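See the structures that follow.
One chain, subunit A, links the two complexes that follow: it is found with subunit B in the first and with subunit C in the second.
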Partner chain A sequence: MKVTVYKALARGVLLESLRRKDLWVVAILGFLILVGASALGFFGVQGLQVFVKDLAVTVLGAFSTIVAVLTSTRMLPEEIKQRTLYPLLSRPISRLDLLVGKLLGAIVVTWMSFLILAALTALALAGFQVAFEPIMLQYMIAKMMGLGLVCALGLTFSVYMTPSAAATSALIFTFGSTIIVRALTSGYESATPAMQVVFKLLNAILPQFTLFDLGSRAANVGWSPVPLWVMGFLLGYWVLYTGGLLAISWARFQKKAI
Partner chain B sequence: MQEAILVEDLRVRYRSKKGKLVDAVQGLSFRVEPGEVVGFLGPNGAGKSSTLKALMGFVAPTSGTCEVFGLPAGSLEAKKRIGYLPEVAMYYPYLTPIETLVLYGELQGLRGRNLKEEAFQLLEVVGLRGSERKLNKNLSKGMLQRVGIAQSLLGKPDLLILDEVTSGLDPVGRKELRLLLKERQREGATLFFSSHELAEVDMLCDRILLINKGRMVEEREMAPLKDGLRNYSVTFTGPIPMHDLTQDMETLPDGSIQARFSDKQKLLSALNRVNESDGKLLDVVSREGSLEEYFIQTIEAA
Partner chain C sequence: MRAWLLPLASAGAIAAVGWNTGEVAAIANPPIRRVNGADSDNSLAGQFQTSAVGHLWTYTEVYLQNGLKLRKMTGDEIREYKLDPTQNHGIPIIPTRRKDFRGIMGDVERAVTAWDPRQASHRNDPKQTMPLFRLMTWMDPFFVEAWTSGAMIINLGQTKETTARAKEFLLEGLRNNPDTVDIPNMYAMLCIRSDRDYTAAEKYLKLAIENGRKRSDALPEAEELAFQSAYRWLALVYRNTGQTSKMMEVAEEGLMHFPDDLVLPTTIRPSVAPPSGYKAPTGVKVRRK
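Let's turn to the complex of A and B:
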């Protein structure tokens, strides 16, 4: 029963996104990657495989993160603004069901965008005779989990904030994750004992998006894949944090007068 | 028998965008029996939509009871038995009417071929056959309202809660809707709807609830109300005393006298007097009273 509900809601998000031509934008971006890569080839940087791979995974990560943020932060506010939420919630589904269905829809849209971009990037890399190594597959799997987490964060912010504030905050959190973690780590030594506890707590609580980014590892030629237990840990971390963020969204959304 | 709707001492308070507390509904109580058609009337801001939202569980009542078929309003079990049409019908702009109905049908627990057949059938009933594959964003306001009506009828719900049901519909659409709702009532459904179209209320309702400023103003059965609103006029010639029956008399240009009555008994007495005298009865007219006038007067008095 619940699976059908989630499937129906997610399909709605996907259909809307397809017809709104969101994925076309992604395809155009992907095309630009291809053109960019060809240009690099034209200027004679063949052989700089690490540079090209690094550039490719950075662009791939950035574009797909933007898609994840924009899709997840605007879903609920649009439902409220367009009043489409009323006929939805008049059905025998709970508000938690609605959040889960919408999150799944955002994840599907983001993953599709990511896979389109990844396919085009792989095509571009093939032009530089870059082989598709197992670490690339691990990079993709980890990135997709990370993007799922970005969607959960975006959805959570959208329940508490205006759409633009939610999108800005989600972008700061995801792209600034490395800086935030670095600041916490470097500031830890010089902090007072009380602040050290706070830093430790923050470091433990804040979602660590960098964990899901195997881009640097994937960019280097001949690097071995990460052990499977690492992927298992990432999966557990993803499920735990996505569940946690969903719970935080639900805590607010279940009481929200619409 | 279990009431279709039971509302007791309902209060809904919310914070406005300016941060001010607003008492949208203030101690409202009413019941709707199964199979009834009840119109929920009131001026703008009277608390109609807030009450309907409380019935759907969209807003939590500040206090009071709100039940649907004995189930707490907003519960999943209660919602399984309700078809709801929101005040302003908006549907996903990038979905088609048939996709919209299938989506809501699946959320309602309907499946597969039966759902598709019912969806197509409902689109036919509301006059949208042929437009089922157009995107909602390309439909007119009236057509969107028809999509809304169709989605509210999915799964043949026991209770239809319709907020401003005729909004955006042309006269033909209104007539079709009236017939459709009457058919659903014959099939046993309960109808509870708000509307500003008093003509629709007049033609559809068994009973009306009139609210203002979140409070009940009047609760009336339609048949006696319409009888009470009916007025009559008698036109006659001759010196016949009528002043004890009505003060509302007028001498017409041809010299005849027209006397107007709101009480049927007084009309009959007047007719007797004309018959028993040397006067001549020229005309007797019975007019339906204006529900609109009743509405305005009652609200103003409240």
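Let's turn to the complex of A and C:
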């Protein structure tokens, strides 16, 4: 394991993000959450916990996904464009190390942004006297794994496409994941046997971001925490799928003329 | 010229223009009135408004069912579950294990989302949906059902405070929809039920009837019911305030519009005194001669 290499590369991504003041954007988004939350006082707070929590998980999910996509899709293209990739690759690191390090960096930046936003959201929720429930902790852990998967997808797309195309495609996949899965499950029964095979294949290869979203359970009343085997499955799926995506991007990146 | 003067002057000019855009809005971006059968929703903004508000309207059901998302059953499903085909039936949007081809992925999705068919029978406090109605009325102030349903939810507690808030909400709706029937009718009902304020109720019921008369050919179903209800309530108001001739006039006019109405004739029928040996059930007051 080249821990030192990965650590140095991830640190580079984090410093670059700080230099670009990305975290300022996160802070502004967080401020907007607080302002929006204070505007909710208009409705009166009594008995509106579901709405407040639903809004919180929706905003938190959307903002952190956008940060994950934007961070992961522009890392490599910017390194290539600014020619900072050459000094990096002249060191004793392989292209795969570079990808792994960059991915870890993107995950760290995204998780930091998510935790900042989550802290501000928690502050807003506390203002509405929303009690903390164990399911909220599970929501955060699952969401962080999901964001890691978004980063892996973004990085893979950025190896194959231009930064804009990669960001757009990643956003379509992440936000459209639920719609795609719903279409597959709804249409499966009435599809022909040949199409059912296609549906199964699509379901197997498409990233299942929906599985990492415990928002509907966390926002509503009295839902119990999910069983541990589910969290274990999510961890396994995340690691396996991220590994697969890294392999796909490495296959392209190792042959890419820079 | 100093360098900072130009940005300052530009910002000032922008602020000056922005400050006065209120008058331009009515001309440049006229409010879209959603009327049945009208083609007013054809614009992109209108379509967006309708879709967004429609989404919020259906989302109230998700709130009531504690996060469980349902979809309409297909004909095959209705036959399979041997349900009444003339009715609409809902089924969880995530299929059951038996119907899900995804295996463990389906199991995980059912575990991480608010999914449980038993949840369909559980109802959350309807007050949770209030913010959705407030958002609907902000996004589309002409969505009459949102104003009336929202007022109904505000007044669920039926206290003086909730009634006052519901009435305030309805008045806001009436300012945005001065030609509606449903809103003044509901406002009058609140005046009667909670305050026994027949004077205010008469004023708003008359307004509802006047609006109904003007648009009687193009009233949507809910408004038509409100139009009929306004005649009934106004007849009751006149009956309870002893204005018999006015009661008769209103009832006759109401029956001209709604000849099949069964309530209006009973409203104007003289009360029949019960036989002397009649014992009323607990809680029921009987009129004595």
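Simple rule for what comes next: the second predicted complex is superposed on the first by the 253 of 258 C-alpha atoms of A that agree within 3 Å, B and C clash if a C-alpha of one lies under 4 Å from a C-alpha of the other, contacts with A are read in each partner's own complex, and residues count from 1 in each chain.
One rule holds for everything that comes next: a residue touches a chain if its C-beta (ideal position, glycine included) is under 8 Å from a C-beta of that chain, and two chains touch if they have at least 3 such contacts.
This structure is a prediction, so every number in the text was calculated from the model and none was measured.
Look at A:203: by the touch rule set out above, it reaches subunit C but stays clear of subunit B. In the superposed model, A:234 lies in contact with subunit C only, and not with subunit B. In the superposition on chain A, A:5 makes contact with subunit B only, while subunit C stays out of contact range. Of the two partner chains placed around the shared chain by superposition, subunit B is the only one that A:20 touches, whereas subunit C remains out of contact.
More subunit A residues lie in contact with C than with the other chain of the pair subunit B and subunit C. When both complexes are overlaid on chain A, the residue A:62 reaches neither subunit B nor subunit C. In the superposed model, A:92 makes contact with subunit B only, not with subunit C. When both complexes are overlaid on chain A, the residue A:84 reaches subunit B alone and has no touch with subunit C. On the side of subunit A, the complex with subunit B involves touching residues 1, 4-5, 7-9, 11-12, 15-16, 19-20, 82-84, 86-94, 255, 257-258.
Subunit A makes touch with subunit C in their complex at residues 40, 42-44, 46-51, 54, 142, 181-182, 185-186, 188-190, 196, 199-200, 203, 208, 210-214, 216-217, 219-223, 226-227, 230, 233-234.
Subunit B makes touch with subunit A in their complex at residues 14, 53, 56-60, 76-77, 79-80, 82-84, 86, 88, 90-95, 99, 102-104, 106-109, 111, 135, 148, 151-152. By the touch rule above, subunit C contacts subunit A in their complex via residues 63, 66-67, 69, 71, 76, 93-95, 99-102, 104-106, 108-109, 111-114, 124-125, 127-128, 130-132, 134.
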